[in-house]
Each structure stands twice: as C-alpha cells, then as structure tokens.
Amino acid sequence: MNRPLRYAMVGGGPGAFIGAVHRMAAALDGSMQLVAGAFSSSAEKSAEAGRDLFLDPDRVYASWKEMIEKEAVRTEDRIDFVSIVTPNFLHHPVAMAALEAGFHVVCDKPMTMTVEESEELCRTVASTGRVFALTHNYTGYPMVKQAKHLVQSGAIGEVRKIVVEYPQGWLSTLLEATGQKQAAWRSDPARAGVSSALGDIGTHCENLVHYVTGLEMEEMFADLGTVVEGRALEDDASILIHYKGGARGILYCSQISAGEENDLTIRVYGSKAGLEWKQENPNYVRVKSSDEPEKVYKRGNGYLHSSAQGATRIPSGHPEGFVEAFANIYLEAGRAMRAVDAGQPISDADHPTAQDGARGIHFIHTALESSNKRSWVDASYSPPE
Amino acid sequence: MNRPLRYAMVGGGPGAFIGAVHRMAAALDGSMQLVAGAFSSSAEKSAEAGRDLFLDPDRVYASWKEMIEKEAVRTEDRIDFVSIVTPNFLHHPVAMAALEAGFHVVCDKPMTMTVEESEELCRTVASTGRVFALTHNYTGYPMVKQAKHLVQSGAIGEVRKIVVEYPQGWLSTLLEATGQKQAAWRSDPARAGVSSALGDIGTHCENLVHYVTGLEMEEMFADLGTVVEGRALEDDASILIHYKGGARGILYCSQISAGEENDLTIRVYGSKAGLEWKQENPNYVRVKSSDEPEKVYKRGNGYLHSSAQGATRIPSGHPEGFVEAFANIYLEAGRAMRAVDAGQPISDADHPTAQDGARGIHFIHTALESSNKRSWVDASYSPPE
Amino acid sequence: MNRPLRYAMVGGGPGAFIGAVHRMAAALDGSMQLVAGAFSSSAEKSAEAGRDLFLDPDRVYASWKEMIEKEAVRTEDRIDFVSIVTPNFLHHPVAMAALEAGFHVVCDKPMTMTVEESEELCRTVASTGRVFALTHNYTGYPMVKQAKHLVQSGAIGEVRKIVVEYPQGWLSTLLEATGQKQAAWRSDPARAGVSSALGDIGTHCENLVHYVTGLEMEEMFADLGTVVEGRALEDDASILIHYKGGARGILYCSQISAGEENDLTIRVYGSKAGLEWKQENPNYVRVKSSDEPEKVYKRGNGYLHSSAQGATRIPSGHPEGFVEAFANIYLEAGRAMRAVDAGQPISDADHPTAQDGARGIHFIHTALESSNKRSWVDASYSPPE
Amino acid sequence: MNRPLRYAMVGGGPGAFIGAVHRMAAALDGSMQLVAGAFSSSAEKSAEAGRDLFLDPDRVYASWKEMIEKEAVRTEDRIDFVSIVTPNFLHHPVAMAALEAGFHVVCDKPMTMTVEESEELCRTVASTGRVFALTHNYTGYPMVKQAKHLVQSGAIGEVRKIVVEYPQGWLSTLLEATGQKQAAWRSDPARAGVSSALGDIGTHCENLVHYVTGLEMEEMFADLGTVVEGRALEDDASILIHYKGGARGILYCSQISAGEENDLTIRVYGSKAGLEWKQENPNYVRVKSSDEPEKVYKRGNGYLHSSAQGATRIPSGHPEGFVEAFANIYLEAGRAMRAVDAGQPISDADHPTAQDGARGIHFIHTALESSNKRSWVDASYSPPE
C-alpha cells in the first residue's frame, strides 16, 4: 500500500491532553494521516477541532456513531483505522463498533470499565481479524525494549524481585472540584470506572512488568487509599505481589506524591544482577552487579539489542522522549495493519494487545477486591485469546 | 491561511541523517506538509526517497535547480517554503535561488562556506522580505528559553563567566576513510568548508551563548587541532573568549572525546548565581547560589517563563527531546511565514536568523585565524541587517 | 572534664567490620580515646587486636566479663564508656553489665534479641542514669537532620505518604555457607536473632522514618521471604504501614537485590511538597513541589537549619560520608556523658536511645507476626521511658 | 615501631579551616597522635587551641621556631613529624627548619612562594633523607587511584584530551574586605604569594592531571583574570595546555563561579575511551566508549585495582569523603616514615612529594608569565630530584 494510512479520531477535542499526543505520535513518521474525527460530544467543539486540524468539514462528526456509520460506507478514501482517545467509559462501545465496521483500532487505556467488557473485546478482535493496539506507550521506549531483552535473555539471571512505582503529585489537592477537565473525568466513577490511580497509572506499572519480565501474577495484597478528602476514587495504591515461579514484587502508584511528575521506575533484580529504567530520563538502562562496574546502556548505540535499535529514530546523545515512544506503538500497529490488509498477518508486531488490556482490567478489579477484603487474593488470570 | 504550509526539501535522501529530523520536526504539529523534493544529486535516489515519502512523482526532482524552477511556476498548490538539508557547500546557492524565487527558507547550519556568502544571504533575505530560519535547533529547547529568560531578567546578576562545551567522540577513528556518509562529507573541505568540528558543533556553542546571554565577542584565542592522523580538518577546538562588557568565556568542541555522544552543556555564572543546562538531559535548568538551595527548573511547569511554557507540548515529567526542540524552530518559522504572507510581519519570531548564521561563519573564520597566528585576535562582528 | 573520654570496646576483632567503623567514628574529633577492649571471644585474637591498636596489654581482655569487672575497679584512668560492637545476641548482656558497673554505653543495633530484653534495658538505663546511645548511624547525617527539620517545621505540609527502602545485594548467594564472617553470623538465628534483613537493615528504615517524621505506627502488613535456598532467616521484606494520624507507608529492605550496595532512601510526601534523601549520595536533600523549582539543599551551607549545620565538619562541596555521620552519634553521646558526669544531664542530646532500640525490636517481631499470619496486625507500641 | 607516630602542628588555630582537616585525617586510623603545636602567631590563641585539643601545655608553643627548637631536643617522647598548615608564605621556612631538625614533614600546598624556594626544599628533602608529603589530598581518593590505573594500564588507549576544572563561587563578592579569615589571607599577596585561584585550587588541577596521566606539559597559554573589583590577585584562570606526546588540555579554575562549591572534575579522553571523576561525588569513576555501555566503577568493590581497594576503609555503598581521602595521604606518609625510621626506605609510598610541589609552583609562575605576555610559553619543567 503505497500511501499513508488514513485514520479517524474519537475524542481529543479542545481541553483534552492525550488526543494531541496520539496525533503527534501518528504524524511523526509521515506514514499516517488524520482524515476524519468525532472530537467531542459537542458538535460545535468537534467542528472547531476539525478546523484547527485542517480537516475536510464533511468528515468531522458530531458523534462517534455517526462517524463510524458514514466512514464505513466510503470507498476510495476510506479510513484504515480509528484512534480512540475518549474518557474510559467510551473505549468499549467505540472499539466494538469500529471493529465490527471493519476498522482496525488504536485505543487508549485502561481498555474498558469491566472485565466482562474487556473479554468481549478480546473475542471481537479475534473474530473480526482486525488489529487492536492499546497505547501502553511506555513499552514503546527503546530502552524498555533493551530491558526486556536483558531480562528475557538471562543477563540478570532468574528474576527474584521487582519494584515498580509510578508516583505523581498532580492530584495532591481536590483539583477535580476546580473544574480542571483532566482531573474531573479521571476521578469520576461514571467516566473513569471503579478506579482512578490504578486505572490511570497502575495499569501502566502492571503492563510494564509483564512486558519486561513476561511474569504472571499468582497472588496479590493491595492497600488502596483515598488521601484527599472529598475524592470519589482511590488516589494512592500500594500492592505486594507474588508472581508465578516465585518472584516477589512491590507495585505502587500514587497521585498524591506531592512534587512528583511522572516518575515511573522499574527495577528488576535477578540472581545475577539488577536493572533499572526511569521514565523521566528514559534513554538509559542501568545494570548493576557486584562482580563488575555498573553498566549504563544508552539509546542509539550499536551494542544494543535489535529491538531497541529498531525503535530509535535519531543518534545517541540526542534525547528521544515520550512522543517518540508513543509513536513506536503507532508504527508497530501500522505495520500490523498493512500486513493484515495485504492478507499476510504478522506475528511479531510489538504493540500492546486486547489481551494486555484485559489483563489490566483484571488487575484493577483484583486489587480492589484485595483492598476491600484486607487480605491476599488469587491474582492469576488468562485473558481469552 | 486555513491549511498546512507546503514545503519542498533539498537533500535528505537515502543515508542522510538530518533530513529525516527536519521532516519529523515539520510533521510533528500537523501544520506543515512535505509536497516536493530534490532529495539527492542522483535522480534515482531522489525518486526512491520520494516514493518512500508517498510524494507525487511529478514533484520529485533530479536537481534542486529544476525543483525551484518548476515549483516557482505552480499556482494553486505552490510550496510556501524550501527546507535545505544538504552538505554545507550547497546551503548558499540553494537558499539564494529559493529566496529569489519568492520562497521562504529553512536552512541547516553552518549557513554558508564563507563570510562573504553569509553576508550576501543576509542582504538577500532583507531585500526579498522572505522568512529565513537557520536550524540552530538547540535554541528550540524550552529550558534553553528558560535559561535565556533567567539570564536576561537579571536572575543571576551580571554575567561574568561562560563555559560552553560540545564534546563528541564519533570521529575518534578515521571514520571518513570507511565510507561512512556522515563522516565523509563533514570532514571534506570541498563539502564542509574550512572546518569540521567548529562548523558542525562549535557554531552551536557560539549560537547558544549568544541566544542565552545576548553577549557579543570582543576578542578570541583559539587552539585548533587535528588529532586523528590523516584527517583533513580540525577535530578538536579550545577557545578562550573575552566578551564585550567583560565576561570571560571558554568554548570547546571536540569530535575525538571518545565515548561522548552529544554532551552540549552551557554554564553561565553571574554576580549572584550560576546556571547550567545540559542537552543530553534537556528538560531541566539548574540555578546555583550560595544563598539558597540549588533550584531545578523543570519543563512543563506553571512557574516557568511564558517563552519556556509556550515551547512545550506535553505535561511535565513526560520527557521531550531533540525532535520537539527542532520542531519549535519550524513552528516559529511557520508562524513568521504565515504572518508575512498575510502582510503582517511579526517581530517576535523566536528562530535563528541569517544574521545568526553570519555570526557563526565569522566565528569559524576568526577561530581559524587565531589558531594559525597563535594569538588573540579581534572577534567583534556585526552582520548586515 | 579537660581530657578525652576513655572507652573500652567489646567485639571488633580481626575480620569484623563495624568495630573499625566505631573506632574511626570515636577517633575522628580527637575527643575520645580507646584504652581497653575485649575484642574477641578468642583470647589470642583479642590480644592481637590490642597490639594492632597500640593498647596497653594489661587492658586487653579475653572476655567482656573480665573486662567490665577489672575496669570497674580502676580509679584514676577508668573508662567512661563501653562500646559494644558484637553480634546481636551479646548486646543485651554486655550492655546490662556495663550499665550496672556504672559505665555509659554506646551499642550497635538491633539492640537486643527480644522485646523483653529491650524493655529491661530501657528500665536499666533509666535506673542507672547512664547514657545509652544506639548507633542508628544514618540519623547522624547532617542532611537527615535537615530533612527532619523540613518535615517537622511544616515545610512539606501534613505528611501523607512515606516510602523508605534499603536494598542490598550482598546476600544474593548463600554467602554464609562460604564461611564469610559477616554473612555467617548475620544469618544465624543463634547470633542474629529471629531476623536477618529486618534486624540488620529494616530497623534502620524504621528508625529513620521515626526520626525524620516523628510518626508512630498504627498497623502493619508484612510479607517476608527467604529467597536464597538454604538460608535460615528472611532476606527480603516488604511492609505496608498505616501510621497514626493517617499517613500511609511502604518500607522495604532486601539483601538479595543484586547489584545494590547500601541504597537506603527515604521519601516523605506531604500535602504541600515531597522530599527525598539518599544515603549513597548523602550530602543533599531534595524538596519537590509543583509550585516552584525543585530545591536541592546541600550540606555545609548557611541556609540550613542549625541542627544540620552543627553536624558538619568541613565546608560545602567537600563530601562527608558514612564515618562522619557515625561520628556524630559518638559526639552527641559524648556530649551527653560529659553533662551527666558533671551532674548536669542535658535534654537535647541528638542520638538514638534505648527507647529507639526497643521500638526497633518491637518492629521486627510485629513484622514477623504479620507475615506469619498473612494479615494486618496492630503495630502500635510505646517503649518504657 | 609499636606505637602511634607523634606529631606537632604549625598553624591550625582558632578560625582556621584546613588545620582541623589535617587533625581529623591524622586521627582517623588511630596510628598518629598530636602531641605538640604552635597553632597561631598569637601565644594566647595557640594556648587556647592546645587546651581544646587536650595537649600538654608544655608542648604548646607561641612560635614555630621555639617549637622546633624545643621539640628537637626531647628524647623519649620526641615527635616524629611536623604538620604545616599555615598560610602559604610560612610553608618554606617551617619545612626547612623541621627537616633540618630531623623531622619528617607533612605540608599543605602550594608548597612555597617561589620556584627557588621549592627547589631548595627538594634538595633539602633529598639531603636530609626525611619524608616530605604535600597534601594534594585529591589524589588520596580511591577512585582517583582507579582512574590513574585505568589510564596508565591503557584501558582508554593513548591519551588525547584532558579537561580538568575546579570552579568555586565563594569569592564572588569581595569577601576579603569583610575580615573573613580564609578569604583575607588567600587573596593577600604577602601571605598567599603571587596567585590566589591558581595557588589555592589550580595547583590541585595540575597535580591531579599529572597523577592520573603521568603527562608532562610542553607549552601553555593562560588567561588570568581578576573579576571582582578591588581584589589584589586573580580569581579566575583559563589555561590551554599542550602536553608532551601530543595530548591537548584545558585547565580552568575559578573562585567567582557563583553557586559552585568544590566541583573539581577531571575528564581524560583516550583513543579508545574517555573517563570522568568528580570530587563532589567521589566514589565513582565513569568510563565511556561507543563500543559498550558506560561503566561506572564504584569504590569498595573487588573488581577495582589494588591501589583503589587498598585506599578504602568501609564497604561499597557507604560513602567515603574528603577526610578519608586526606587521611590516605597521612597514612602513606606515615608508612614511609616508619620505613625510613627503620632504615628501610620504601619506593612505593603513594603521597605527593616535594617534586610535585615544585612542579606546582613552576606551573603557577608559568601561567602568570603566559597571561602577562598574552602568548604561548614553554611549560616544560623538571624539578630537582
């Protein structure tokens, strides 16, 4: 297919944050083109966004239902995929409709509101044969891919301990009461679901551990808290995890760690060495052992694994960041779409899937159960293939 | 103008590095569209690049002369500007032709081969009234803008000492002898000009100091060296500078600092405090004084100056990098172009100009003169307005 | 008292580690003098140590009992205090005997084997009126004192979340099976007590939180693990804590975090800001908020609190380390001893006490109880005054 | 000699800084004992210092001349060495007198006021056969020894470029005018000599390069400046150096780099790799190359060279600092003294010598000459053996 992929966006209108990130990620490599959208539940705001994005007004819609209906019947310049960047409660219905209309889907996380919805989505992806990519964007960082390679190639030995954390401070006050749009929907059960911190950032922790180590959870003990008075959902979560095979884990995420920005950090300790990656300075992976000097792997160098080298755009020492990592999810999703559309599905597409999404939703609900019961609970889970 | 700006690229074909960066920078914000190009002096390679970029084959040219000639006579879908990403020796002729054909220009640095060429270009920019933006991309980093604000608002007092350095190690061996394309042209006098290290990275140092402090040089003592045997141009330069008004400076750049990637660093010490910015971790500016704790300013926060806040796309803690800074040059250039084309030129466009380019070329030649004479030389210079 | 304080050491013979640290700490400021010792349970090794330390052979003993007995009856050059640096199981009997013989005591941690012993020791300190200082040495770091001041003066607001961690990797293999002396006793229940990781490093975490924040625990959930096969005691512990007043905590310590050295770190998040201190780079405290740049407080500067300034020996920028912090415990203990001996006990001596020791022993036993029960347990405790 | 070495101190009375450091350094390992002193040119202040240090009043003197005279005729408890910690102008006379009286000497830097004095001192050391150790204390850091090993064993290849810097900010104001004692003498030509920044910190840079690389200077270009109005001596110096064999260097030291504390840093780039050591975080050496991950060597580990391991007192991860490095100079000087006194001089004592001191004095005077002439000058020099 010698043309850019065409896509439509649902959500991402005025005041949104993540929609603009998706658009930059899709635009970065010149291989995707935004051609349509339903950017807001307000027709006026949707139209305004369309104008700002230089879109054909005929393809800017007042509702996602109308958009999918009308785009589905276009022929020559039909969209290839739908990008879903709405508040959480819309992910499931939009994704289902898009898949059933024959479109591929890129969807923000957490994937759905309930475990049932997430499993239904897995099955629909399978039955339609469409590509579904979930934007657990941190796995798009080249040095996360290097970390995964180091762990899975045995460089640090058998995994024994994992510490993953995602402290933020932006909800240290009751920001949602001020009308700030991001805070408002993320802490509103009707739009965000049963969880705030876990859904917004805890699932990133869970997914990152799974991506890097491949480990599955066995049991979990969670302690959720709502620290800021008046908040409807939890804003701080500390979780102890036993993984299958014996590794021990600590996972915590927090929206009330005042002064922290997005300090997502993963440390994996094996029988031979430990490694560390930090999102706020993401171009490095550190490997520590007592036998030799600490090694700092740096993005863009020839000594890295091919998965890390392949996910890089510019030479070492010129920092890449969040948008580039995000764009890697789009690139891999696009590569899978082109393959599927050519009748040659690929097996090595390196993007999070509907199964990853289901795992995340199960994680949220299991943590809630444990915290409510104040006890260890079974955390094992296999999403439908 | 309710459409993306349209541009053509000269250079940036297979094997090039900086062309792809320019394309990502222009694409990032969705406000510019690549529609034409002369990507290589080989017609075949140019066509290949055009195909990879999904361009209309009719607008992919075998030479830049043909391109400018043919694009100049288009009407409805005419390009707005030309992006020049060739080896140095072509910057001047392409830029002159593009300006004279009525196009705006974005051009890589160093701007020209000689001081005369650079001054001619300044005058042509003035006479044509076109926008000319030079990609001294490091000034596009938000925290460099914050550093500029801190210095120029007096937060560190009167500037006394400046240390700027740009160590790289990639030319620690005679890489140009292996056929590596980047090394080959950058160390070839016919294509790079009289200088390698100074032209490629030293001018970034010079420009960064001027941008942040506004200071002009008075005299300079340079010690250039060619460390790797068989190399035609200098690969290491140490320069002492006296600025007008009394500040003292050290500027060094090196391509043989083995193991260094792109560790561009600027430190400015004033009568009250000192500040530091490092390109490899660019989302921070540090201000140190003996009277209070060191302050670490972080990109994306509300306490920053509007110039730093305005140059940011995503929230604090999600790192931005090289491409985003580069894109800021394009954004500002684009803003200026739209204003000029609307008959309302703006005075606050924040991108490097032809005058900045002339200053850089003069800097290179003055350093060579000093090193050859082994003495202090007059370094004062005012480019034509 | 115009002379150095005189002391005797129990333990610290050939192959020991912490004894030498105590001797350096006591020597650093020239105000204490080692004059006697029972350095080993082997008479020969004790004598060897005495010779290496240039001691009078008459005051080098084959057993601590003999030492206390004979030193107690000296008159003119009698020791002022006993420094106890033995494996854990001897702390209690030696300390009891020394106090009852009228000596002040400096003792390594954990203080005793059981809660009962620790409470008995508290009461004996009170009844004898002697000074008892426990070497929770990390509280001797100047910047820990600054952190304490910042928290307790309200600079970060009301404390909401505490994360304290102490990962080490030195027991990643079954080192105790090789005969390595430190590993052997620390993982031997007969000499170390009921715990390895908690006793050796977990109590430092617990003490550090208490010192910096003043908070008391309310309930605790612990998950202890023995990761290395064949080990008798736990080598990894993850603990969730609810503090009185509502703060939430995570405390973890580990001896199997391969590649880690002594990366003790405390982060305290309040309603206004968060702070961080790291033992491996101990001359700094970082305070982060979203309202202003991160502040890095640096040891040795005039803007610090008097407690931090007073605990410093050399100017800022010349790093102080572990020994200097340790010496601060000795200095404060010595100051208290001189006051008591002058009949003027002081109330502001800044060293850990027997009560701190009892709190630590209670912490260990409570964590064991919780881990065994796999449930939250009451963690509140008040040691005898 | 089964006793601690005995020493007397000249200087280091009330208000002094470096005297206390010397005393801590000598005390740290329990192998040296301060027994006498002439701490001030004021008899009263000297006596006060003696009392604070618990010295026998009979051995506390009102002048260094009296001290050397009287100590020289003692027999049984005679001092072994003299430690000189006065302002610069007294180093030479006191050292000469001490050596001639048969004492070993530890002396602060810069060694003398003139090249002639320094050469006379070299010859006197040789003729008396006494040990003379100059406290270029930074060479006492274990990781500086590791850096030396890495360079001299060829790990980074042939040395090509050296950047050494020592920025301080403490003289950003005219502190000497306020009566601050340290500032007063260090910027007073009568007591400090011809130089302030070069003598106080520049010589440390020069010595550190020589220690780590073994290179000798060939020619030098210096640019000295007096930035703060009213100051008598230079407070900022930038120097370019050509070393014998072709390596190129930048050396700068500054007392007006506002906000800097003691940020002494050395970077050495070879044909294969580069290395970096920073005094403010001294427990690490970083080695960078493009062929493999950056390696961070950490103090206290078994993979280090024996010279680095031997200079360490405590395990890795427990930071050592300035005093410990300083104490290593004393330890090595003491080891040499014991050997000489036993009639078995050693050749591997690892402390700076009188020749190092002479090299430093020559460096200062050469830099002044170059700066005055505004030209390159011959910098080659061989001190008398």
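What to note about this one:
The letters A, B, C and D name the chains in turn, as written, and every chain counts its residues from 1.
Basically, a residue touches a chain if its C-beta (ideal position, glycine included) is under 8 Å from a C-beta of that chain, and two chains touch if they have at least 3 such contacts.
The structure displayed is predicted, hence computed values, not measured ones.
Interface comparison, C-D versus A-D: the higher number of contacting C-beta pairs is recorded for C-D. Most remote from chain D, judged by the distance between CA-atom centroids, is A.
Each chain gets one centre point, the mean of its Cα atoms, and the points for chain A and chain D are 55 Å apart. Between chain A and chain C, the centres computed from C-alpha atoms are 44 Å apart.
Centre to centre, using the average C-alpha position, chain C and chain D are separated by 35 Å. For chain A, the set of residues touching two or more other chains reads 260, 287, 290, 294, 298. Chain D contributes residues 2-4, 17, 20-21, 23-24, 27-31, 34, 51, 53-54, 168, 260-263, 279-283, 298, 300, 313-324 to its touches with chain C in the complex. Those residues of chain A that touch chain D in the complex are listed here as 287, 290-298, 301-303. For chain A in complex with chain C, the touching residues are 156-157, 160-161, 163, 165, 167, 169-170, 172, 221, 223, 225, 227, 236, 238, 240, 248, 250, 252, 254, 256-260, 267, 269-274, 287-290, 294, 374-376.
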